[in-house]
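Each in structure tokens, the structures are laid out below.
In the two assemblies presented below, chain A is common to both, partnered first by chain B and then by chain C.
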Partner chain A sequence: MPYYGSEETVKELRRSLSNPNVQADRLRYRNVVLKVIRFMSQGLDVSALFMEMVKASATVDIVQKKLVYLYMCTYAALKPNLALLAINTLRKDCTDPNPMVRGLALRSMCSLRMPGISEYIQQPVLNGLRDKASYVRRAAVLGCAKMQTFQGDTEVDGAVVNELYAMLRDLDPIVMVNCLRALEEILKHEGGVVINKPIAHHLLNRMKDLDHWGQSEVLAFLVRYKTRTEDEVFTILNLLDSFLKSGQPNVVMATTKLFLILSEDFPNVQMDILERVKGPLLAICTSEYHELCFLGLCHTREILRSLPGHFSGHYKKFFCTYSDPNYIKYQKMEILRDLVNDENVQQILEELQTYCTDVSVELAQMAILNIGRIARTYSERCVVILTGLLGLKQEHITSAVIQTFRDLVWLCPQCTVTVCQALPGCEENIQDSEGKQALIWLLGMHGEQVPNAPYVLEEFVDSLKMETSATVKLELLTAMVRLFLSRPAECQDMLGRLLYYVIEDELDMAVRDRGLLYYRLLQQGVEEVKRVVCGPRSDPSLDIISGQANETVNAWTKDFNTLIPIYGQEQWDRLTAQKGDSLEILQLSAVKSDETGTNPEQREEMVLDSGSVRLKTSAHLSAEQFEEHWTRLEAAKVVTLDWHKDPSPDAIQSAFQFVHIQSVAISRRGAQLWKAYLFARNETGSLFLIELLIAKDKGDIQVTIKQENSSEELLNNFTTVVKSIIQALDERLDLEYISVAAGEECSPN
Partner chain B sequence: MIHSLFLINSSGDIFLEKHWKSVVSRSVCDYFFEAQEKANESENVPPVIPTPHHFLISVYRDRIFFVAVIQSEVPPLFVIEFLHRVVDTFQDYFGTCSEVAIKDNVVVVYEVLEEMLDNGFPLATESNILKELIRPPTILRTVVNTITGSTNVGDHLPTGQLSVVPWRRTGVRYANNEAYFDVVEEIDAIIDKSGSTVFAEIQGVIDACVKLTGMPDLTLSFMNPRLLDDVSFHPCVRFKRWESERILSFIPPDGNFRLLSYHVSSQNLVAIPVYVKHNISFRDGSSMGRFEITVGPKQTMGKTVEGTVVTSQLPKVVLNMNLTSTQGNYTFDPVTKVVSWDIGKINPQKLPSLKGTMSLQTGTPKPDENPNINIQFKIQQLAISGLKVNRLDMYGEKYKPFKGIKYMTKAGKFQVRT
Partner chain C sequence: MIGGLFIYNHKGEVLISRVYRDDIGRNAVDAFRVNVIHARQQVRSPVTNIARTSFFHVKRSNIWLAAVTKQNVNAAMVFEFLYKMCDVMTSYFGKISEENIKNNFVLIYELLDEILDFGYPQNSETGALKTFITQQGIKSQTKEEQSQITSQVTGQIGWRREGIKYRRNELFLDVLESVNLLMSPQGQVLSAHVSGRVVMKSYLSGMPECKFGMNDKIVIEKQGKGTADESAKSGKQSIAIDDCTFHQCVRLSKFESERSISFIPPDGEYELMRYRTTKDIILPFRVIPLVREVGRTKLEVKVVIKSNFKPSLLAQKIEVKIKRMAGMKESQISAEIELLPTNDKKKWARPPISMNFEVPFAPSGLKVRYLKVFEPKLNYSDHDVIKWVRYIGRSGIYETRC
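Up next, the complex of A and B:
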């Protein structure tokens, strides 16, 4: 990169550019301009040449014009004053007889990205909309969108919007699609372009003329169209049927999404659609481009969420080849795991087994974990395979297998015996702390079935000084105490040594505290220790697993063909949460309870109109007025909800404020009878009053809602909004509560 | 939609950038470099990378990363397909899509990108139409341009989009009217240790080169159309006609285009054209290993297997190999541990084989994974699925065109486990 010596280069270029001899020779002139562009693309700052370049734009040579325009678009933001000089030339070019020059000039002018440009480009853009060459119209339509961006948040020009809506009927298909794109951008704050019945039907009729980019975008816009009748739904499905088998993956995906959403109310039709799209989707999954495969696989997983057996017959398509990149192999393995059934389990397990010895450590471990997942249903076969893998005596493999065993024993207690037989000898091949933790846990929990358990643990105790991970030490303490209870004679001495070391020499506070805890507990007598350490265990995770399968198709249709399937809903929320502020998360989770599976933007809309209640953003009501209304009105609804937390006024206030419910008065934290008064006004002026009441030690919250103009539907909607917020708050306050409680403990009173 | 595009070579230099909607600083690529470092191999860089304000969607082709920066909610497949289209276009224009080619033709690259996207939305991506807007550079034209000072830019607008048939321009004229079709099939297969097929699939395409005057209307019929599983067509093919009669009826675009692509999968038994006999063994504690491969044809319907190349990635413990081949040359790269054996034509009477010993690092346990063998080959005049074109007819024009059909089978991801 020639960042150095840039001044010299620029000086030299300037000299050539302003040399009249060069200017006279078209070819030489262009070559100098070309040189400037070359330097620009290498990252050299040539903005100092702006003046000379503007002059160079006054030429008949189209290539030179293009080059200069490219230059201007890059540097206009840096040199706004000089860029104004260029505008005259550009405006003149907009009236050139050659449509290509006109289009080019218009496009460049709209891309100049500098303040105050909009007043100059408005007229040319409007003229361009009526140009007879479609090439110019295309540029002009998008120019309207760019103009709106320059003007920022000023009023949307209604005339332009109407003109664009009218131009949806343009003969040129790309102009039509550009109109949609431009309208979408201009009307972004009002929820984008409106697709009503005539527009939708017009778009459907034009579909076959579009290129596939246009098709895929129009399909995405059609998702917004709300069909009125069943017949209409099926007419659209029939009309667009061939696009489901299109050669372009993006069109296939867009069509699938549209179809699934259209047939929301007809589960049978949805099944048919998914059946029909199987072929094209598998074709994407085996495409020659890895990136396409990857996304195809992500979407396949999305479908498997509701139809676990959907691709079972094609499981062989998901076998990994050697040349697949790792990110594809991960996806394929997870799909294979989900496709397992009685017929193919043998083949899939054999296939996964070959991946377990892959060169890549992560890949091998992932394969083992996936076998572990299959083991939840086919435990015997899998345990045999996993035990076999231990024989390889490879560190990363052993560690992963032991971790899988730990989860397996917890979830399927019936394989405990086999697992325990496999354990002896493993300790020699485990180096990483996750593996150690798993092994120690297994030995502590099921030590009575492993003959040499105490001796293995003894080795860990003896090498405790060398151990760096605190979690391993914590795990060792618990395991030791557990094993002591089942095999006291062999462990007593060891446990003593361990406790002594932990309490006297350990530097980590958590470990030392845990040691002290066990020490004091042991002082209470063995029975007491047994009651605490080996108390009855619950398996809450079992519910999660069995409850995981078979979501409804509608749960994910809205996310189909977006970025969400790549990350999964949870991770996506986390990703987008980083981008928004924390308040938004709270408010998102508030709505999540009744609106799962919408993408963040849609959810935002949901909140703003709060389930069609449409609350006003700013409303005022003084405390006196509130009291007056409150005493005058009858309670319209009283509901009682679960509430386990000490309420924090700030959190409650901000959460409600986000859905435009204002607070009037809130008791302070810890009051005997905690009360809060809130109100909201909707767009039609209807007033809601809310009272929240928490009696101490009762575990619930009583919500009283009063309404000024009684309307059953509004009231119900409003109540759901309030409920969901309270539920979300109840879940969310957990952490905060803990931290506050800890703070209080430290304070003197 | 697409805010910016960065082209990054495998050593991590951004050598070209283009912005459409807003100028996104180069620093956004730092997230990409981070992922690249983590992935340790270029191929393993995930195609979608989140950053605080944008998403980076990348494709990796010809040792170049094409990284698109997107901000809003965009269908990811759309972006990836578009990027591939960009690469295809570059290949079309410059013959190869390498860093050198792009840097040499930087002006054409900018021009093309400018026409392909406006404000981040795809505009003209059909290579037919693009080539009329911006003529591809050829050596002859470069020379002529330097002498006469004329330009690469077409001075009239492509009329194609205004004709009734959007993919074909009007007023095409040829002295010789020809239509060629190439049926190319790639066979993807995984063969296990014992020689039985774990997975096999054929991916086929029919590429056409049509140079016909006027507005010809073609029909192409197959002897056995039921073979085709998933078919996807060029937009010119009349889908209804295919559904009812299994005949391809279309008005072709001018020049080269892909008429259709299809899959033939495991439901129909896939014939495997070559077999491999192998014996690769490592003994525990010994510093020598045996390596022996024999390749032979099977189920080729009497056609010759050509261009055969066998490659295998050997475990790290292999230090060197001492082999003799009965045919062709072999190379072993001691750094990457890849052995590659270029066989060429396979003679069924005298099967090529490669035998010898491997010297292993002493004192290491024997590797737990056996190497995979990848095979490439070509078979001319054979479509391995058995697909055959029955006839090709032309309507709508008076002249008699010259027609030709060629078949070819290639190995795709053809892998043998040992």
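Up next, the complex of A and C:
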């Protein structure tokens, strides 16, 4: 939140902080510090007060100390030099007789985010590991993990790792769990903490002492343990059995996951576990907290993937209550849909039917679509319900019902007659384009069974000028041609009008083309039209949506109790998708740029395109020359941009070549500190040097640009070009588009 | 692990922001505000992903709490952490409201600092936290106080410190239950369950050993003999508990072997156990709705409420403006609702009738049989302790459809 008049505020605060009268009065002093923190959490930049705040840390008042440490942790990265001043105070506090002060100082010191801090904190952390107070040891153990993140790539300190492994035997349960967490982070590149037999057995024995945070985390670590014998598996299952019925949802979930993975090779045992976890899981699903409920439901659906009837007996637990938020209702409805069997179908349908008239339009439509899904197995009952809903004459309900009918007729042709009887009259209540498309499709496909089909379509044809959706028009064209084949006498005139309008007046190219296609097809004779329009139907059983085979339990156990069941596999893949596809796009465009390269004339044009920067197409600079220029010149511009992925040298090289920026040297893929050096010359002979810097896991890219003949305007234009390329690379935009955009930006005239 | 924790008011202004890990930047704060708090449509999911960062949020009155992470975490843990955070805050300063948060923001920062380190949950027990949190600010401490912290910090029993003394040894037991019901218009119970908590407030000196007994079916059956007499006294003498969990002070091994609940209680207020039952629930009220649509613009609603418990008990805080209601009584309200004539032939969506109430008994049928206190070192016996037991049954989601 940008704050108006912030400079004034900071000045004011500085004055009070350095006022000796304030400093003498402990309470007043603390209140000023408090004010600083308050502004900080509101987003105002108070980093300018760092010096004064460091001074304020030298106090016996623990509250003030805590506040100042909080401040330092937030701003240390911005003021590394001043932060070093604070280190002395912190180191002194690490030897304070009060364990609370020691712990606090150690924890804060390790949280200062600045380069070069590790040499100062190493010793206090090591001392902390052997402190007699568990409170300090807890902080020290996590301090080791924090230290590793500062050092980044450097070697893992074997001594610390050994010490931490030894400390797994610490008497304090939190220290033990912290050790696991720290080891996991330190050994990230080697696959995390190793859980061998002695460690696993030790952890199993300590389970009872832990609080539930610790329990669920240890359970997650135990998943990694590879059991040797069948006996061992069953021993662990017996030992941890009580945790399956724990009242803490996170422990229940973690135990379930562990159990299912342990019994990977024993499907019978897995069934047994899933049977036993039913109760606790249902308890989570009916929890008073909506969020937990939601998680429970997501995981229930995961189980239903392999055991569709698993909760059928408990279907009533999934009835929605009025106060449930919609996201829970959606989940419940989908679960209900999956639970349907011969015994409960009546009740579930009645329940879903009540949701169809819900005030929330989306919820009502969702309920209707779910009834449609059930209709695939219990078509008769469902069609009766759906037809009844049409009687309500509500727009959103009618539209959803018609869409459901369309899908149903396709998958279960036996319902066609009943559906067609229900159609007349619906057209008055449909306004949205999805609903219209569905209705038009039905009328076209099964028009011979609906007496007034031509007249309904005629209305659509007559109001075509008002229609905005191109898809509706396309659907109408196809439907009209189909209906013409079955009822030529009534449709001929109408079809003629429609084609005339589409070909003469329509502005949308796709629609016009389709119109022309049908027109020419009709010229070929009716037989030909029939062959094309009423081609053999695809086999509905091949349809992916019509049914999925049940998956095995092992297919999802790995993802159980993670975010994947919540987001859904598809969305998760999209979220984590990186590199792969983006690389393809860029390589494609690289090929394109090569093609343009074969034609020198075209290349010249490209140069003119990139606007006022006018980079030369072929420039040469050897690595030595580059180095010489680089050391000689001052940095003209340093920019930091967002960057989220592993840089691929090929992609970057080709992307920059596309706008005639050549590369000199580029680091390998996956390097800890990734660098690239590039250069470009413009037509007037001005030279640009670029350095790209990506520190792993930092999420940004630092771009340094140096320029030989300094010209402000040229530099700015050049910078925008570079920026847009990097942004585009990061966002995986098509390169063609970028170069156009960059060209536009660069030519203000 | 949690990368950061933010607290917003209903306008989306940040009240508290605490970042634990480097991968969460300041822009995350704004991302959540723009995408969730200021979003036009209803919340789609309690977990939102914005720019590959997951935001977990809960709402308490009009305050938003959001935990942020970039890792693929155990979502149940994150939410439970947020609930715990709410509990802890409530136990420190009461209701979670904008004003309370603003007034106590130092305390909240202190709490956040103690409860999470590097994004990992540490000590979250309110009792134990009280030693670390210095709301009033401890200046230079006396030797005694210091040694106290040391023993707390190093001690085996994390939830109780040594050397507590009271002039009057007292304890209060509250059995708090919430009844959830979903009933069909025909009066069929679609689903019902009771989730209950036994909350204890203990003001006891020293390190007392406590033993708690209730009418758990398994225990009663084990004892065998007493059943005949006791069942004569009360109609339903034992209850079947579906699942229950205890505060970490309860020795679970003893519970598993003998079903006896023994523990050294923390000082002050804490939750001893939590349980759920689904069988034989006493439904305190029955709601019988009669709704008639008279023409297009008029509705006739008649709601009959029947109370179903001992005539001597009084239920309170009942919704529908009935202040008090004696047991085994019937009461009726009828109303005529004039609707605005609409040209739409909309069907009237009938929301269920929900009830709020408070009754002075446990709808699950749970009864406290005894709570014995032994303190071997200090000189007071079980008889000297003043004990209070109270039962409160509240309505959870208590809905009858019509």
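Points to keep in mind about this one:
Operating definition for what follows: the second predicted complex is superposed on the first by the 566 of 749 C-alpha atoms of A that agree within 3 Å, B and C clash if a C-alpha of one lies under 4 Å from a C-alpha of the other, contacts with A are read in each partner's own complex, and residues count from 1 in each chain.
Everything that follows uses one rule, which is that a contact is a pair of C-beta atoms (placed from the backbone, for glycine too) under 8 Å apart; a residue touches a chain by one contact, two chains touch by 3 or more.
Predicted model only: the values in this text are computed from it and were never measured.
Superposition model on chain A: chain B and chain C are shown in a clashing arrangement.
Look at A:Leu485: by the touch rule set out above, it reaches neither chain B nor chain C.
With both structures placed on the common chain, the touch criterion links A:Leu142 to chain B and to chain C.
By the touch criterion defined above, A:Thr321 reaches both chain B and chain C. In the overlay built on the shared chain, the residue A:Met271 is in contact with neither chain B nor chain C. Touch criterion met: A:Gly699 reaches chain C, while chain B stays clear of it. Of the two partner chains, both chain B and chain C are touched by A:Ile566. Of the two partner chains placed around the shared chain by superposition, neither chain B nor chain C is touched by A:Leu369. Of the two partner chains placed around the shared chain by superposition, neither chain B nor chain C is touched by A:Ala470. Look at A:Ala220: by the touch rule set out above, it reaches both chain B and chain C. Shared contact residues of chain A, touching chain B in one structure and chain C in the other: 1, 26, 34, 37-38, 41-43, 61-63, 66-67, 70, 74, 98-100, 107, 111, 113, 133-135, 138-139, 142, 145-146, 172, 174, 177-178, 181, 211-213, 216-217, 220, 242, 245-250, 253-254, 279-280, 283-284, 286, 288-292, 294-295, 316-317, 319, 321-323, 325-327, 354, 357-359, 392, 394, 561-563, 566-567, 575. Contact residues on chain B toward chain A in their complex (touch as defined above): 1, 13-17, 19-20, 22-23, 26, 39, 41, 43-48, 50, 52-53, 55, 57-61, 73-78, 80-84, 106-107, 110-111, 114, 118-119, 121-123, 125-126, 133, 146, 149, 151-157, 161-162, 166, 188, 190, 198-199, 201, 203, 229-235, 239-240, 260-261, 263, 265-266, 313, 368-369, 372, 374, 412-413, 415, 417. Contacts from chain A toward chain B in the complex involve residues 1, 26-27, 34, 37-38, 41-43, 61-63, 66-67, 70, 74, 77, 98-100, 107, 111, 113, 133-135, 138-139, 142, 145-146, 172-174, 177-178, 181, 209, 211-213, 216-217, 220, 242, 245-250, 253-254, 279-280, 282-284, 286, 288-292, 294-296, 314, 316-317, 319, 321-323, 325-327, 351, 354, 357-359, 392, 394, 561-563, 566-567, 575, 578-579, 599, 601. On the chain C side of its complex with chain A, the touching residues are 1, 13-17, 19, 22-23, 25-26, 29, 42-47, 49, 52, 54, 56, 58, 72-77, 79-83, 105-106, 109-110, 113, 117-118, 120-125, 132, 134-135, 137-141, 146, 149-150, 153-154, 156, 178, 180, 182, 190-191, 193, 195, 242-245, 248, 252-253, 256, 274, 276, 345-347, 349, 351-352, 354, 396-397, 399, 401.
Those residues of chain A whose C-beta lies close enough to touch chain C in the complex are 1, 26, 30, 34, 37-38, 41-43, 60-64, 66-67, 70, 74, 97-100, 103, 107, 111, 113, 132-136, 138-139, 142, 145-146, 149, 171-172, 174, 177-178, 181, 208, 211-213, 216-217, 220, 242, 245-250, 253-254, 279-280, 283-284, 286, 288-292, 294-295, 316-317, 319, 321-323, 325-327, 354, 357-359, 392-394, 561-564, 566-567, 571, 575-576, 644, 697-699.
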